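Structures incoming, each one as structure tokens.
Same chain, two partners: chain A is paired with chain B first, then with chain C.
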Partner chain A sequence: MSDAGAAPHKQDFEEVLDRSDKSVAAFEGHEKNLMDRLQHFLHGNPTMVPVIVLAISIIAFGFIAGDRFFSAFNLSLIMQQVSIIGILAAAQSLVILTAGIDLSVGANMVLASVIMGNLGVQLGLPAPVAIGIGFICGALAGALNGFLVTKVRLPPFIVTLGTWNIFFALNLWLSGAQSIRSQDIDAQAPLLKFFGESINIGGAQFTFGSMLMVLIFAVLWYVLNRTAWGRHVYAVGDDKDAAELAGIRTSRTLVQVYALAGLVCGIAAWAAIGRVGSVSPQSFQEANLQSITAVVIGGISLFGGRGSIIGPLVGALIVGVFNSGLRLAGVDVLWQVFAIGWLTIIAVAMDQWIRKVSA
Partner chain B sequence: MKKTVLKAGALAFAGATMLALSAPASAQEVSACLITKTDINPFFVKMKEGASAKAEELGVELSTYAGKIDGDHETQVQAIESCIASGAKGILLTASDTKAIVPAVKKARDAGILVIALDTPLEPIDSADATFATDNFKAGELIGQWAAKTLGDEAANAKIALLDLAPSQPSVDVLRNQGFLQGFGIDLKDEKMIGDEDDPRIVGNDVTSGNEEGGRKAMENLLQKDPDINVVYTINEPAAAGAYEALKSFGKEEGVLVVSVDGGCPGVQNVKEGIIGATSQQYPLLMASMGIEAIKKYADSGELPEPSPGLDFFNTGVTLVTDQPVEGVESIDSEEGLERCWG
Partner chain C sequence: MTVQPILTARGLVKRYGRVVALNHADFDLYPGEVLAVIGDNGAGKTTLIKAISGAIRPDEGEIRLDRQKVDFRSPLEARDAGIETVHQTLALSPALSIADNMFLGRELRKPGFRGRWLRALDRDKMEEVARQKLNELGLLTIQNIRQAVETLSGGQRQGVAVVRAATFGSKVIIMDEPTAALGVKESRKVLDLIQDVKSRGLPIVLISHNMPHVFEVADRIHVHRLGRRLCVIDPKKHTMSDAVAYMTGAMEPPVEAAVA
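Coming up: the complex of A and B.
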């Protein structure tokens, strides 16, 4: 507005006329700038964002934190540390792909682990039976969410906010808020700690829990991309009404998705006992939010129907790499939390930007 | 509007009944209230046990209240209101929100009720008539001294990992951590702050949320910083159990001293099995039973409980539990610790 004083009688619109678009209406031009190309590329390959971020952050922290960070052992340790949140993120992804959200994943998992511990250690049932019942409880808890979402028609946020509290209360009641000691598990039902076992390859320590995480993602990738059911899940999440018109039984699919997510939580419960070493009713209180963070950073859209299941695996690893790298660089815990917060917001902003692609 | 009028009416009515009932009631029977954070945590279960047993012994009528979860402030306020209305002589309180509860506590004290904070001091601490709690600084100091004496001359070359509670550094976190460092013989700098020490023997601090998962992760992180850590301080026994799992997976469980605070039964069992070297045991049962005694005394003679000399609260005691006693630090063995453990 520097020339506003020089031309007082000019009309407002004239003043800005030369800034307006002078091109004639046309279809999209063939010449695209670099950003457009990038936007298109990422729209077609949404998982590339987290993969690129992961690669850059590993290299960057390799420089900042040095060999202690960039060793086979530390990188495998990061996998161990994120394995439980990673598995929960797989469960969370299924629900988020249907445009829902599951706040109860962490509580569901802890409840299932307490059930396994109570049955296997305190009641002395055979470990496979205890684990099996834990799986069933996880799946049933998920199915309850699905039932409330589809049949009672409540928003997933509200349903799972409620069941989060319910599962948490049941967990405290069943466990008396008391952990089952690692040594008691060893004596009674060592199978419960199976996923804590590890093998060493060239300095790296791979726990069975880390491998389980990768396996779960691989299986879910196959199911979501290579089976009719998987395509239905995407369809329901993208546009439920259209999916219904296309002949998909959307309610049934939704209940199955929530139940499957619950089952995955049950499997995570078994892995968590191995990871933590004991059955700990007080652990993983923030696991639900951490799983959502991993999913979002992994590039799955919160609006449903878009994103690859592999994304959250990468998302969980990014969070782990950041935590490990920042810590080894001597950064205080609260700044790690700060960094993850921004990472989450930037990830969603990226998702919004990619969605706006002019197709 | 209508609601507030109703509420005021209800309170006035409650007040009137209290006046009407309290005079004859106090002649025969003293009543007291116990309000805890939750009634699920074994620590508070033990507290309730201690209070109930002592109340029965002294002929005090006890009502117990608890929040739904840790942090449930509203239910505790309602409980205090109910206690005022019922004409209780004293209230034993472990506050969920130590600042926000103060006005409700003041209301009770204005009604002539003795309010004793158990385990958790109110803010400010003199908002209650008395505080019966573990001396958490002392608890830390004991395990610090034990670790230093156990290492002997090697203490000068120790590599220490500090596994704390939370980034917000609540008072119990600071007191135990700083107490430990003091006991070990490390310059504290600001004793209200964790992590400002510059002694090269400290490898680092990390937070655990006071549970096994956090303990394991924190220990792994610090071992990555320096694999030669040989002293591990932990905020509580679940964190210690998690730290031990990490040490085991790094193949470092031999020759590392793990120390902790609490004295819960699983923790003392871990002392017995050599997983934790020493732990400072606290006594929730004693806090509650002594609280009931104080209320009875106050009801009979009007005498107020006194704080321990040199402290602004009454120290209900803390004892070192270890099976490797060292000279100059008083301790009990794990057998005795198991007899006195809670949970």
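Coming up: the complex of A and C.
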């Protein structure tokens, strides 16, 4: 010990390092079996799970339910049916990527649609103004969630459970629990129903709402993967403390994420008026949880920081394909719900299995 | 010494309630040197390092960087001033790629319309710079710059964090226990890396409990005790047991070392 201080060189015991075995640890049985290969492939390409499930289920229902399922019309109808839940799933994905959860997305959307309807139809404001204010309210509602999560430091689950009820109560108060009828919208502010219109391509009916859903996912994919802000969202969800030390203002990023999710809910509100044809305060009560189902089936980790935004789009389509296929096959509605329940559990189990990959 | 210190602190005081973590602590770092900071648990070395890296603001005292008085309100400000810290936890995001991690929080954007208005990242440029910097510091073993950090070994992760600091740190690099979690082989690589960074002229502050590592790479050793600088010793003139004795209070430091 006494002379070690004088030597600015390697320690004595390290001399043997030069002669040490340089090969990396290897294990018996180098041949990987098929399951291992699959596990590795899926670990590198997590979005492939929902894509494969979607492809298999489309083919399977094509056999079971026949041409009625496999027609251009029916497939475009599925797009239409999942468009609102799909857009909400996009909002939900942003929050879940930060290791949070937003139980209030559906309530936020219905509240925004009631505000749009009240302003545009009952108060007679110009439709673009009504829609713009609806967007702003959606974003502010989301920002409120973000503020409570970051500044008051409450768990996202509790915050959004609370605001879910708050937004729902506000919506009943503003609407008087009354729907705004389709005719009144047509007369006063037909622009509110813009996303219900469609174009016909070879028997397929593409509503503007379905196109909006795809557009929103495309924009969010770009933002998350091609901008610094998107990388920060992943980093915050992955390891918040590390992100903070690396120089990311994590609280600001989180508030922005919740506000953006709220804005997307506001956009969903406009699309929902077109989809339903009226403004109904009692509609979409299950949308909060359905959006989480689509995200989970789409392979985004509930622990944050992992998964592609494209997954939830596929996840929403899987739910739509199951519902449509089972219905056309003449199966009772309750079994559709039953199937989606199992699908959710299997999706999370798959996620855990893939995560355990031996690197 | 005629050379001016690059980073100095005088009379730093930091209290947490009734606990005095820093008690009029001084600190000097000279250009191009490796200064080790050692001290027993609770001696306040972490608080000292936090003060000079901007993580906390001292209650009293002043810090000067290049003779300019500085007052960092956050680690970001210290970083902007050229002080980079390699934290013990590394502050890497496991699921992101090596290149993403290296540029986390200071990403490069594409020139022109796409960067300015679409905020597009310049991935090619970032990957190129990341690869070049890793190669310069001898981390050739990392093949794929797009690899997620979680697929790297502990030593490689440490390497990425050190290279990140060396790439962006223009004045000072602070390393907190860089070898604490590593095996013999990987510690060796990190120590070589410290020498490499030093040879490029960047001064390094090394916090470590590992005496052999401290005595191997340090030019001077700052011994911290009871919230203040006890002495600064030359590793060539003192033994490890001397250092441990000063640090724990078993022996009084020599008079000349106390003012060094």
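As a working rule, the second predicted complex is superposed on the first by the 329 of 359 C-alpha atoms of A that agree within 3 Å, B and C clash if a C-alpha of one lies under 4 Å from a C-alpha of the other, contacts with A are read in each partner's own complex, and residues count from 1 in each chain.
The criterion applied here is as follows: contacts are C-beta pairs under 8 Å (C-beta built on N, C-alpha and C of every residue); 3 or more make two chains touch, one makes a residue touch a chain.
Treat the numbers as computed from the prediction; the structure is a model and nothing was measured.
Asker: Examine A:Arg306 and indicate which partner it touches, taking first as chain B and second as chain C; both and neither are also allowed.
Answerer: Touch partner of A:Arg306: chain C, not chain B.
Asker: Based on the superposed arrangement, let me know which partner A:Gly247 touches: chain B (first), chain C (second), both, or neither?
Answerer: second
Asker: Touching A:Leu334 in the superposition: chain B (first), chain C (second), both, neither?
Answerer: It touches chain B, and chain C stays clear.
Asker: Going by the contact rule set out at the top, does A:Gln178 touch chain B (first), chain C (second), both, or neither?
Answerer: Touch status of A:Gln178: first partner only.
Asker: Touching A:Val276, do we find chain B (first), chain C (second), both, or neither?
Answerer: Only chain B; A:Val276 stays clear of chain C.
Asker: Look at A:Gly202 in the shared chain and tell me whether it touches chain B only, chain C only, both, or neither; answer first, second, both or neither.
Answerer: neither
Asker: After overlaying the two complexes on chain A, where does the chain B footprint on chain A coincide with the chain C footprint?
Answerer: Chain A residues touching both partners: none found.
Asker: Can you list the residues on chain C that touch chain A in the complex?
Answerer: 75-76, 79, 85, 87, 89-96, 100-101, 104-107, 109, 118-121, 151, 184-185, 188, 212, 215-217, 235-236, 238-241, 243
Asker: Spell out the part of chain B that touches chain A in their complex, as residue ranges.
Answerer: Against chain A, the touching part of chain B is residues 38, 40-42, 45, 167, 195, 206-207, 209-214, 216-217, 220-221, 224-225, 238, 241-242, 244-245, 248-249, 264, 266, 269-270, 273, 275, 343.
Asker: Can you check the complex and tell me which residues of chain A touch chain B?
Answerer: Chain A residues touching chain B: 68, 74, 77, 80-81, 84, 172-173, 176-179, 181-183, 196, 198, 205, 272, 275-278, 280, 282-285, 324, 327-328, 332-334, 337.
Asker: Chain C touches which residues of chain A in the complex?
Answerer: Against chain C, chain A makes touches at 1-2, 4-11, 13-14, 17, 20, 222, 226-229, 231-232, 234-235, 238-239, 241-243, 245-248, 305-306, 359.
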